[in-house]
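After this come two complexes, each holding chain A, first together with chain B and then together with chain C.
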Partner chain A sequence: MKETILLIALTLFMVAIAILLYRVIAGPTLPDRAIALDTIGVNLISAIAIISIMLQTKAFLEAILILGILSFIGTIAFSKFIERGVIVERKGDS
Partner chain B sequence: MKTNDVILQFTAKLVFFIIFFYAVHIFFAGHYTPGGGFVGGLVTASAIVLLVIAFDIKTVQSIIPINYLSLVAVGLIIAGGTAAFSMFMNEPFFTHYFDYFYLPLIGKTSLHTAALFDLGVYLVVVGVTMTIIQTIGEDE
Partner chain C sequence: MSAKEILEWAAILLILLGSIISVISALGLIRLPDVYTRSHAASKSSTLAVLVSLLGAFIYFWFHDGYVSIRLVLGIIFVFITAPVAGHLICRAAYRARVPLAKGSGDDELKPILFAGESLQVADKEVEEDKKFE
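Moving on to the complex of A and B:
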């Protein structure tokens, strides 16, 4: 019973990632693609959590947290590139 | 138009410490659970990269005044010194030592010289990653 529910949830996350992948490929503007990639990161974290329940291991918790950190930093870098055109400023007056 | 990223800079100030202490936890947990020097170094470097993105290179260099190339050298010296130490004790290269100690407040702890080697790996990974990012970022 529990296995079935977990499999259904995993399948739904995979469907969500597939739909988001369509938005990454066909997104008309660059911010659409950035948002879709960020959401793919969140869905990937959820899928890893479900897989770690299915395998009954705690070894994936580090992977989940690190994926959260990397997704956050990647989205910030991408959005700064969209807004300013540079990711790393040499000397700003801010 | 003057751009204003108050929210990004405030979030970066808070999240930097969360990521950095998580990296320290990964580094020390590497002996019994997933993690270790390499992942810890990469997560630390990504925390510094978050600061570089939110502010700029000159500001981060004044906040964290570290020459990352010498960080690589220090890491290599620590790792090589840990490996070479056993040669002076008439044992093969890379022989590690461990023992159990009773530390105050923590209790029975196993201290292993592999942690020192891991510290060298950590410093080298942080130094190399930050050198690459600084060199590419300063290029015009």
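Moving on to the complex of A and C:
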């Protein structure tokens, strides 16, 4: 019974990721795609938590932290690219 | 049914609630009209979904295995801090990159301050903007 509910929750997260994937592909502007990618990363975090419960292991809990950090850094880089046109600014280069 | 059993069920129902909130947030991301309204759905309700489901996982590991996971607490705190920051930065970048508002939006008071004396001719204005930054 618990396994079934966890499976339903995992399926709902995957449905959410599929809907967000539509927004990534068809989004009219670049910030739409960045927002949808950030939300996909956040949903993957909770999907990993559910998988870690279903497999009765604690080994995936580091992956939650790593994925959170990578998703945040990716979003910051995207927003800087959208605003300035470059990601890494160098002094005296222009 | 012992107390441990009840708390495990509470944790699993929290996870189910989180997944339902996540689907609702994804539907909002599809249905809303422009970037600024979509970022409401993406940052607020999606953060709530992840917080609720990670809290469920934390409670489950606590009462099922007797294992208090510091890594899950760190993950909860990290998502709680960074998701609003990311939403704010994306919205700011979208406004400065002149993504238009939806049709039914109200007054835009930032536009005469930020883009004073500009019409929305993007091409050569952006070159000037870049020179101003340098």
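FYI, the second predicted complex is superposed on the first by the 91 of 94 C-alpha atoms of A that agree within 3 Å, B and C clash if a C-alpha of one lies under 4 Å from a C-alpha of the other, contacts with A are read in each partner's own complex, and residues count from 1 in each chain.
Here is the rule we use: contacts are C-beta pairs under 8 Å (C-beta built on N, C-alpha and C of every residue); 3 or more make two chains touch, one makes a residue touch a chain.
Just so we're clear, the structure is a prediction, and the values are computed from it rather than from any experiment.
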First, second, both or neither for A:Pro31, with chain B first and chain C second: second
Dominant toucher of chain A (residue count), chain B or chain C: C
Which of chain B and chain C A:Leu20 touches, first, second, both or neither: second
Contacts of A:Thr39 with chain B and chain C, given as first, second, both or neither: second
Which superposed partner A:Ala9 touches (first chain B, second chain C, both, neither): second
Partner chain(s) touched by A:Ala59 [first = chain B, second = chain C, both, neither]: first
Doubly contacted chain A residues - partners chain C and chain B: 58, 62, 65, 69, 72, 76, 80, 83-84, 94
Parts of chain B lying in touch with chain A, wherever the complex brings them together: 3, 5, 8-9, 15, 19, 22, 26, 33-35, 39, 43, 46, 49-50, 52-59, 133, 136-138, 140
Residues of chain A defined as touching chain C within the complex: 2, 5-6, 8-10, 12-13, 15-17, 19-20, 22-23, 29-32, 34-36, 38-39, 42-43, 45-46, 49-50, 52-53, 58, 61-62, 64-65, 68-69, 72, 75-76, 78-80, 82-85, 94
Touching residues (chain side chain A, partner chain B) in the complex: 58-59, 62-63, 65-66, 69-70, 72-73, 76-77, 80, 83-84, 87-92, 94
For the chain C and chain A complex, residues of the former touching the latter: 8-9, 12-13, 15-16, 18-20, 22-23, 25-27, 29-30, 35, 38-39, 42, 46-47, 49-50, 53-54, 56-57, 60-61, 65, 67, 69, 71-72, 74-75, 78-79, 82-83, 85-87, 89-94, 96-97, 99, 130, 133-134
